[in-house]
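Same chain, two partners: chain A is paired with chain B first, then with chain C.
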Partner chain A sequence: MAAGETITSSEYISHHLTNLVLGRFADGHWGLAHSAEEAKEFGFWAIHLDTMFWSLLLALFFSYLFWKAAKNATAGVPGKLQNFVEIMVEFVDNSVKGSFSGRNPLVAPLALTIFVWVFLMNLMDLVPVDLIPRIAGWLGVHHMRVVPSTDPNVTFALALGVFVLIIYYSIKIKGVGGFVRELTGTPFETKSPLLKPFFFVVNLLLEGVNLLAKPVSLSLRLFGNMYAGEMIFILISLMYGAGWALGLFGGALQFVWAVFHVLVVTLQAFIFMTLTIVYLDMAHNEHH
Partner chain B sequence: MEHALLVIAAALMMGLGAVGAAIGIGVLGGRFLEGAARQPELIPMLRTQFFIVMGLTDAVPMIAVGLGMYVLFALAG
Partner chain C sequence: MNINLTLIAQLASFVVFVWFTMKYIWPPMVKAMEERKARIADGLAAAERGVREKELAEQVAKEKLHEAKQQAAEIVARAEKRAAEIVDEAKEQARAEGERILAAARAETEQELNKAREALREQVGELAVAGAEKILRREIDAAAHQEILNELAQQI
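Here is the complex of A and B:
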């Protein structure tokens, strides 16, 4: 955003919705896209640098914080950090115990990582809309979106990771034959060889949709919630350009929406974690 | 013409999603209150389950809202 230049409201909105995209231009050299059209030309190999940076930074922050708490853990009276980490771990432990009936040492740490990481990524939505992009602008970076979970790449990456785990554990616990039998033999079962091929197709259709709906709904639910929330923050912040009275009113609206959004942020992280645990539990069980 | 159609499409997506979510969560909330009135000691557990099911009910309408906002602002300018 160049200083001293007035922009229209739709330009302001599209500026806040553009990622910092690194990709390969048509003539072969790599560089940053300067507009949305250029970014679209990059095709599959476009990398959203701002999303990568913020998601990795938050992951490192979470890992460092929890590692430090574990390293300095005492059996006596705990300090504040240890207390907080213990609350989180106990919360996730209770959630896993309530929903997961198998034996798998991966599930609880996975649930903790998903919950805290998605929560931290969503929390970036509460940072004022213009703050970090303005600072980045001074440093020469002209587009920056700070909420990784508004980027469908991130939400799909998380959901695809969970999907791979679902299939892996389904095949590991039930065997390839058992997995295929579950996909093609339920919910309509028959012993008659005449009906078998017909039910095979119907079952495969139903179970296939059921299976594919899991990662798609997981990722798009998080994306939709966060994108809509960020959108409303951007729209309210348009008011700041309309004079003192509307600006103050906009400030109050931002506060109200932020308070509501705290609930959405936590809830979406919790739902992502709970559904991951439930899907993994379904992958471990023998049959419906 | 295309701009107008995009705006109407976004409005339909968000509006129908809102209707579905409102009815679904309204029924869910009513059942929650009923269950809480029958057994107040179960309220914390019921509240957790309420939020989980609310998140699921809200999922597809929220997907529609997210995509509607994308259509409205990124496609229709």
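Here is the complex of A and C:
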């Protein structure tokens, strides 16, 4: 089912790593890219339809399921769905209570959304890599990446959202002056007016890196893990085209990797959520 | 790594879904859970109270039972005593009645005896007289000895 007779391994891999891109061509009209090169030429004015489709589908699935449970939530004996949702809510609530010392009604729902959404997007990695793209191929769609969290646009969007909240709450809680002092007055402090400008620069550099590292590490960690995981799935599925012995070995390998990936999928979602909570907690507190 | 418009679109949908969760999912779930927590706490407290009340009621019941047993024993003892008294009285009465009947019978017997004795005496007298008459008819006149015979009869 893998590499056919006419395409090489590298073509197979790059085909799997190409998004379905809708973009604006040089002459101004919008259309689908037919190759990776064409997609590259779009520049910023392009949108990954497969990423959008799957991420929105999963988010709607999550929203609908949880909304249904929340609408029928009862203090009496809960049903199966409500039980499940309550477990999730309680789990997130405990994480927030454990790491977040302030009071903010946004943090817990934010953490829940991140955890479930990222988890579901990561979970798409466990779908056999050729299954959905092949079905899409029959329907006339030639590029299809089904794991939204292997798209850096998704991970950066999440991290950027968290970053905006970090800045917003830093300024809201500490004031503009407090935030600037935090960026320039620490970790090196001095009373000498001569050293002050020097320390100012050094502090800003250190704290600036510290601040910017948060969203970058947040998004790249998730992206890197999921991208690597997907890549290994693709490499394993290459084996199916290389004789029955290698194919059989590939099948075993895929099973082992998938089992291991269940852990990665959950762990990455959990890490993203926990770090979001921790970063927001830092934004709410005076410097440590 | 091609960052493009997808980023903006994803950011927008992220905001929307967080807003949705914050508005329509989180509050009702937490509210339901808190309510249930309160309800369970109430239920446990009520159960605790119920157990205490039950213990109290058991104690009261035990006391009442004890009291009732005591009363019953008292009543039984009194009844037994009364029964013994009645039996004694009845015995006494029976004895008295028996004695009375016996005395009456004795008196009657005495009377009968006296009567019989009288009759016998009379008959003996008459017999003696008749015997004497027969004797005397041969030897002496009855009339001459009547006085002696009567005297005799009197003495018997």
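The criterion applied here is as follows: the second predicted complex is superposed on the first by the 283 of 288 C-alpha atoms of A that agree within 3 Å, B and C clash if a C-alpha of one lies under 4 Å from a C-alpha of the other, contacts with A are read in each partner's own complex, and residues count from 1 in each chain.
Please note the rule applied: a contact is a pair of C-beta atoms (placed from the backbone, for glycine too) under 8 Å apart; a residue touches a chain by one contact, two chains touch by 3 or more.
These numbers were taken from a predicted model, which means no experiment stands behind them.
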{"item": "Which of chain B and chain C A:Leu160 touches, first, second, both or neither", "value": "second"}
{"item": "First, second, both or neither for A:Thr51, with chain B first and chain C second", "value": "second"}
{"item": "Touching partner for A:Glu86 - first (chain B), second (chain C), both, neither", "value": "second"}
{"item": "Touching partner for A:Phe255 - first (chain B), second (chain C), both, neither", "value": "neither"}
{"item": "Which of chain B and chain C A:Phe25 touches, first, second, both or neither", "value": "neither"}
{"item": "Contacts of A:Ser63 with chain B and chain C, given as first, second, both or neither", "value": "second"}
{"item": "Touched partner set for A:Arg221, first chain B, second chain C, both or neither", "value": "first"}
{"item": "First (chain B), second (chain C), both or neither touched by A:Leu267", "value": "first"}
{"item": "Which partner reaches more residues of chain A (counting touched residues only), chain B or chain C", "value": "C"}
{"item": "Sites on chain B touched by chain A in the complex", "value": "51-52, 55-56, 58-60, 62-67, 69-70, 73-74, 77"}
{"item": "Residues of chain C that touch chain A when the two form their complex", "value": "1-11, 13-15, 17-18, 20-22, 24-26, 28-33, 35-36, 39"}
{"item": "Residues of chain A defined as touching chain C within the complex", "value": "23, 39-40, 42-48, 51-52, 55-56, 59, 62-63, 66-67, 69-71, 73-76, 78, 82, 85-86, 89-90, 93, 105-106, 108-110, 112-113, 117, 151-154, 156-158, 160-161"}
{"item": "Touch list for chain A against partner chain B, complex", "value": "10, 13-14, 17, 217, 220-221, 223-228, 231, 267-268, 270-271, 274-275"}
